[in-house]
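Written out below as structure tokens is the structure these notes cover.
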Amino acid sequence: MDEKKLYDYNIDETFDLFLLIKSAIVRVAKNGKKFIAFTFQDKSGQMDGKYWDANEADIEKYQGGTVVKVSGKRELYQGNPQIRLFHMRLTNAGEPDKAEQFIEKAPIKKEDMMEEINETVFEITNANWNRIVRYLLNKYQKEYFQAPAAKRFHHAFYGGLAFHTVSMLRLAKSITAQYEEIDHSLLYAGVILHDLGKVMELTGPVSTEYTLEGNLVGHIVLVDEEITKACQALKINDKIEDVTLLKHMILAHHGKLDFGSPVVPKLREAEILYHIDHLDATINMLNNTLNRTEPGTFSERIFGLDNRSFYKPNTNRLSNEKEEESDTLF
Amino acid sequence: MDEKKLYDYNIDETFDLFLLIKSAIVRVAKNGKKFIAFTFQDKSGQMDGKYWDANEADIEKYQGGTVVKVSGKRELYQGNPQIRLFHMRLTNAGEPDKAEQFIEKAPIKKEDMMEEINETVFEITNANWNRIVRYLLNKYQKEYFQAPAAKRFHHAFYGGLAFHTVSMLRLAKSITAQYEEIDHSLLYAGVILHDLGKVMELTGPVSTEYTLEGNLVGHIVLVDEEITKACQALKINDKIEDVTLLKHMILAHHGKLDFGSPVVPKLREAEILYHIDHLDATINMLNNTLNRTEPGTFSERIFGLDNRSFYKPNTNRLSNEKEEESDTLF
Amino acid sequence: MDEKKLYDYNIDETFDLFLLIKSAIVRVAKNGKKFIAFTFQDKSGQMDGKYWDANEADIEKYQGGTVVKVSGKRELYQGNPQIRLFHMRLTNAGEPDKAEQFIEKAPIKKEDMMEEINETVFEITNANWNRIVRYLLNKYQKEYFQAPAAKRFHHAFYGGLAFHTVSMLRLAKSITAQYEEIDHSLLYAGVILHDLGKVMELTGPVSTEYTLEGNLVGHIVLVDEEITKACQALKINDKIEDVTLLKHMILAHHGKLDFGSPVVPKLREAEILYHIDHLDATINMLNNTLNRTEPGTFSERIFGLDNRSFYKPNTNRLSNEKEEESDTLF
Amino acid sequence: MDEKKLYDYNIDETFDLFLLIKSAIVRVAKNGKKFIAFTFQDKSGQMDGKYWDANEADIEKYQGGTVVKVSGKRELYQGNPQIRLFHMRLTNAGEPDKAEQFIEKAPIKKEDMMEEINETVFEITNANWNRIVRYLLNKYQKEYFQAPAAKRFHHAFYGGLAFHTVSMLRLAKSITAQYEEIDHSLLYAGVILHDLGKVMELTGPVSTEYTLEGNLVGHIVLVDEEITKACQALKINDKIEDVTLLKHMILAHHGKLDFGSPVVPKLREAEILYHIDHLDATINMLNNTLNRTEPGTFSERIFGLDNRSFYKPNTNRLSNEKEEESDTLF
Amino acid sequence: MDEKKLYDYNIDETFDLFLLIKSAIVRVAKNGKKFIAFTFQDKSGQMDGKYWDANEADIEKYQGGTVVKVSGKRELYQGNPQIRLFHMRLTNAGEPDKAEQFIEKAPIKKEDMMEEINETVFEITNANWNRIVRYLLNKYQKEYFQAPAAKRFHHAFYGGLAFHTVSMLRLAKSITAQYEEIDHSLLYAGVILHDLGKVMELTGPVSTEYTLEGNLVGHIVLVDEEITKACQALKINDKIEDVTLLKHMILAHHGKLDFGSPVVPKLREAEILYHIDHLDATINMLNNTLNRTEPGTFSERIFGLDNRSFYKPNTNRLSNEKEEESDTLF
Amino acid sequence: MDEKKLYDYNIDETFDLFLLIKSAIVRVAKNGKKFIAFTFQDKSGQMDGKYWDANEADIEKYQGGTVVKVSGKRELYQGNPQIRLFHMRLTNAGEPDKAEQFIEKAPIKKEDMMEEINETVFEITNANWNRIVRYLLNKYQKEYFQAPAAKRFHHAFYGGLAFHTVSMLRLAKSITAQYEEIDHSLLYAGVILHDLGKVMELTGPVSTEYTLEGNLVGHIVLVDEEITKACQALKINDKIEDVTLLKHMILAHHGKLDFGSPVVPKLREAEILYHIDHLDATINMLNNTLNRTEPGTFSERIFGLDNRSFYKPNTNRLSNEKEEESDTLF
């Protein structure tokens, strides 16, 4: 197996790679024949490619979640990377065939994320919040560290939910250190649980889709239900203020009714949670996109940021070396 | 005790009545002295009145929920009815002093509403929905038939929640009779449970206020939690489609994210539930307001209807007698 | 002639059918050659099909409103039904060639709709409204029972306007029976006339398009003009309150300025007319779409319902049989 | 009778004047007594004043539309001019008592406006439009030159409708002279008729209120009805394109659905009519307000201009004398 | 060289012409091969055409700004004019090859526009405004008379900025003549400078694109910077009211925050400038589009006018001859 | 002089204090007499109080910015603190009379803020940004450390601008430490300069009002002008990318056109600057308000946060002590 990954190849370079089919959509071309619009992926990222004149057997064989051997050429189509397919087949025995081997993962190891979350739970000094957070992390331990944080927009990879959470916890800790009035226990508990419902809303990190309850109930209310059940299991009266506050953190974390929260933030910590969530998702989308943009040009439009296109400056200004000649200002 | 009620008196007529203080707000007048802005009520309705130069003892005595004996005159202030207070005192032993005796009630007897809802439950032929509806009606039987449907806008009276529900069930039955594709079991279950959370969101029919969980969680999600707990009590798997559909009915019943639903309707029956709820509330607000409007004039503005003012036609066109001379048209 | 209709064929089944060309749009393919994007229809519904490499003679022959004999195969294209065309010709003498024979019709017979509307007119006890309604129904009797209620969204078929009206009258009657304060004469007159302008706004039930006055004046104002002319013909003073109220019913029936009403509803009956119209159109769109959706899947997006996709539940819950074991609840 | 008018007096100067009561609203003061909030006017403008401790006889006597003799002082209240009332009485025989003598009028004489409109009608070379315009100007000749153009916002004075029309015609002529593609006949006909409905929508120039048909039908549709009736009287087929175009000019002249037009402009001339109307109303509101603003300060907020406050520059820059030293630029 | 221009050819007529490539976008067809989507232009206008099966040499040769010799046929594609390409080559020595020879130009000669602007500058009697306007017109004299007023929407041609300015000045003069309260010096200075920033925001009249500072700073603020620099060069204190007023004219000229102005108009003249700009751009877009529309049909949708489609009336009503028989109206 | 400050007194306690008149607005009471609505302040905060029956001498004497000796009582009016005035006089010689002694100040010393900003400037390693930032901080050194950050909403106190900046720099440093792709030089330069224009937009920390250029140009564009002038002074070409990027940071920092930015963020660092600014202002408003709210109640509405009311939880959950019994989670 070739050690080079998909995005290691240059434009117009040919390759011969094992790739995971992330999605396969059958369409009909203007000439009346069917073709398959593939999205392939390996750990270096995702790339589209079209398979022309597909017959029924092809359609049957090459479905989302399948690993295939692909010969092709990396091209540029309307400014986006694309695969020109030469040949494609299913894998043989002995060849890599596990979807998990091909999907992007969080840039931090699962064990490190677990430890970082674990340490934070110790800082949740309110007993009710501490117990509910522990209970739910235990209940969904496996899924929590596998799930993506979204189907598409941000942190849409294996472990994305946990990575998004860890990243938000770091922001939360900077903020509580700076503004001492904030109830850090409530904020950390809110951060850890706010997107737990993604575990139920989405089908998982491979070929991610919405589940029925994801569609009809939504991840926000699904967490509220989990807190309700946790209280029953832990014999915590779910009508006490502690529980109401924690539920509000999750319910209000989209910040506005229009964004799907059934209530707007009415707690200082709920308002801050909304900001942190928004900020981390924004930076993740910006970095993902600008990493694929040439310096001195504008990026593709980012759907999650009002469809704006961002400019990547020309020269590397990130020298991070001290300017020697500058004097004290005041 | 006088048998005439507050709204039986004409403008500029004096009266001597037992009234319930619905709310009492202390303010400071331009002259620096305190006054109490009262809202009084009896079964005929509510009316405001100001108590000038209030001392601390007055403020202590005359609080929301108290029954008082009031001498005064009915006046008109900027087009709204108002009480000019002459004298006021607490009740003596033997005089009426129960808040319940003074508040507006649903125009149908509790027993009749119970029977009508009961009969409808029989028509919910899906076993899961039937069991959940029964369980929750039993659990909240007392509060369900006392609670108002809102703090202010529509059906804001004792038994208002149940009356609103019964009225919506009648609409729902007309509609399912007319459009046979509708799943009537799902629609009826949705109607019965959709506002059950008002029982927890509001403090009750006297001096109605929002509770903390009403404010921070809201009546929509509170019903979802109740369904979650009902499933646990009834040992119904809360991940089956039946339960997801029923939860969606409640969660989507405000119709739009902007109106506080965390998900928009994605089931035919959920969309219809939203329409029925909106229609019954609208007619209730219109009737309440137009009952207080003179023919040939425009009503006061109705907050719940985009602050519109409605015209009450001049002559009584509701003769409901057949026109004799008309011939068959086609 | 084959008795099976277009939608009686299964996917991938071939057929040989007389069909009506509903619309024929000429486009240019990527290869620079022209093709015709057809929409065919018979009474079972509409289906698209592309005619490749069309020459000028083809374009001339195969225009909207023409009946043709089509050999083809029913296929599925991106989830939507589609015709793969094999052969196509004009009809010969003796073969069916009337557009009317191929278009969808209201599910109720014209005579039954006429009778139902006729009976309702008897219930309009206000003489002025009664006379205006009769006059206009007589004037447009033929068109009223042919016109569709819309070009696309709802009740877009032969007799759709009348069927939509009858359906709304049934809702109106349920509602007036339930809420007695409503002036039923005004509401029924409003229902019958509200969309009469479709008769002028649209070109008719075959190859429906907007007329110039449909575009520049619109069906709402067109009805207002008709009432104005009816008053002149009937020698009714068009400045009396009766006439103003009736005109308002029609002018306000879209409910909001944004939806094209020049005034918002300011009469109870006008507000209710808006709700009834909206509800009947909504249910019609939902039923049309869900009839074409597989159980357990989401429908195509419905443009007239904020582009939402609706879920069709998996199992048949419409058993409508009584549950035997349930006890009285209260 | 004093020849000085209300606005000729300085702040803190006392006066003794005949004034017209434009409106008289009865309110109740904090001390429980009634007062009348008057708006007085003479030809110099309008000013508010409060009449404290009003008894029923006062309320009866001093109603909108009555001329009174007022002794008072001009004051400034929260930046707005106000009358401090000393004494007030009804007029005696022989004293001025006609409302018309006290209301603001258009700054052009009625005869000059008639002549200017008359000349413009000659330029409407399309026979149908010419005849309809003539017919309606004749029909409403008297009211057209008396009516205000609005209840409050702009041109709210005797003859305001005609003056607004004349002012717009001047703009229209500049524009048609500059852009030759415009159909000037259509534009002029549209300008002359666009606000004719104000004649029916409002009660007239004294104590202006909305009529019932103003409220329920609105001035836009009222003109459409008048065109419909004019066609009948003139035996013009109201289905020909000429008539549809003219009706569209009026129906679309508010420019957006949100502003109460039932259709948006779909003719070049309709779009331009909207701009001209908007521009003339804007300049009128700006001039009215800035005439009352001190140089170097911000004006009161203008409701009709998004509640904005405008700055009146400090020094007089309107010298309009040529700068002597400037050379030719290019 | 053929003297006929592109738009002089009829549909389906073949031609052999020198044309300028305005833009050339490389795409990949469904068959996997690249093609170039060209926009060609000469002084008669712009037309699209596709070049199939383009190889790398073609892509290299045929870029935006290049003049080419084209053999082709004018066609109609979905209602829009289009070129069917037969053959295409670069120009030879001696053949026309200057982009400037092929681009649309303002319909007024540069010298006439200069003179008209020059004369207007004399009417700016405020010395500070006069000097700033002169300074900036001198500084950008060349670019000011070349630049387009926009990339696409209106006045998108060589000299478009100056022509748009001249056209607005004519409107401004009509308006100041009619409403005498307006400070004409301020208005004219505002008109002349309002879009000067287009000179920096756009790359120029050939293959117009946004510059980096056009994208990140925008033409509105760029003018403000130029005024700041002009004040420094002319030693005018940029904190005096004169300068603040002039800067406000430019900053507020888009009329609303949503349209990119950092402040809303707070001067009478700024509000009027916004109207004039909007009106001239609107008429320009309408005329451009309706010139290409057949009488009796609706135009293509105009992006800059809320995507509306406009109707071009059937018959020529622009006779501009006096109607003989009409009498004086009043 | 009393060492106790205004907010050290309890409700209903009397006091005798030197206070600064922050603002004094003259109004007319219902009885026709004038009164002055004062806002007083000392370092503990601001409180309103009304001065009844004010004569012209009082109005003359007691204006904004004056220090006075006040005898009064602290009261509660509609939930807000208020002063009941007994007596009031100007200060005598030898008594405190400097406004600066009475206004709220940033909670960090000026010298510490200077040092913190100074150190950050060293980290701006891009020479152009470093020089521009230094130049402008030097130019406005005095005002920068006195100015408030707003007239009302957040950081509305002496030194508020600098404190807001320092607080944002701390957030910026946490974020650049966490997300390494961010250009920290650009972000820090943007933070330091983003609100520098407040120095010109507002009149200063005492009796803060908008200046004319604050109103007509606004603080965003005022900074852009300062960068333009700084480039001229420093002989930096203001057309290079470095300068364009820095200008964009300031211009885009309100995040949306609707919020007054003439361009939306199109640089990663500009988007982040918007988030940091929004977050710091939000926390400042929340803390200010919740500091004045009783535990277990809802706060007053916060204008700058969509007029929302926030709940202050009942019990002190900010124990910040480790929970002893909790075990490691994973």
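As written, the chains take the letters A, B, C, D, E and F, and residue 1 is the first residue of each chain.
The criterion applied here is as follows: a contact is a pair of C-beta atoms (placed from the backbone, for glycine too) under 8 Å apart; a residue touches a chain by one contact, two chains touch by 3 or more.
The chain list, named the UniProt way, goes like this: A, B, C, D, E, F = 3'-5' exoribonuclease.
Every value quoted in this text rests on a predicted model; they were computed, and no experiment measured them.
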Self-contact between copies chain A (3'-5' exoribonuclease) and chain F (3'-5' exoribonuclease), residue sets same or different by half: same
Reference chain F (3'-5' exoribonuclease); chain at largest CA-centroid distance: C
Centre-of-Cα separation between chain D (3'-5' exoribonuclease) and chain C (3'-5' exoribonuclease), whole angstrom: 44
Centroid spacing, where centroids are CA-atom means, of chain A (3'-5' exoribonuclease) and chain D (3'-5' exoribonuclease) in whole angstrom: 60
Cα-centroid distance, chain D (3'-5' exoribonuclease) relative to chain E (3'-5' exoribonuclease), in whole angstrom: 37
In chain D (3'-5' exoribonuclease), residues with contacts to at least two other chains: 30-31, 212, 215-216, 241, 245, 266-267, 298, 311
Interchain contacts, given as pairs of chains that touch: A-B, A-C, A-E, A-F, B-C, B-D, B-F, C-D, C-E, D-E, D-F, E-F
Chain B (3'-5' exoribonuclease) to chain F (3'-5' exoribonuclease) touching residues, read off their complex: 27-28, 30, 32, 212, 215-216
In the complex, chain A (3'-5' exoribonuclease) residues that touch chain B (3'-5' exoribonuclease): 212-213, 215-218, 220-221, 224-225, 228-229, 232, 238-239, 241, 244-245, 247-248, 251, 257-263, 266-267
Chain B (3'-5' exoribonuclease) to chain C (3'-5' exoribonuclease) touching residues, read off their complex: 114-115, 117-118, 121-127, 130, 134, 137-138, 141, 167, 170-171, 174-175, 178-179, 181-186, 241-242, 245, 264-268, 271-272, 275, 278-279, 282-283, 286-287, 290-291, 298, 305-306, 308-311, 313-315, 317-323, 326, 328-330
Residue ranges of chain C (3'-5' exoribonuclease) touching chain A (3'-5' exoribonuclease) (in the complex, touch as defined): 29-31, 50, 52, 75, 77-78, 82, 84, 298, 311
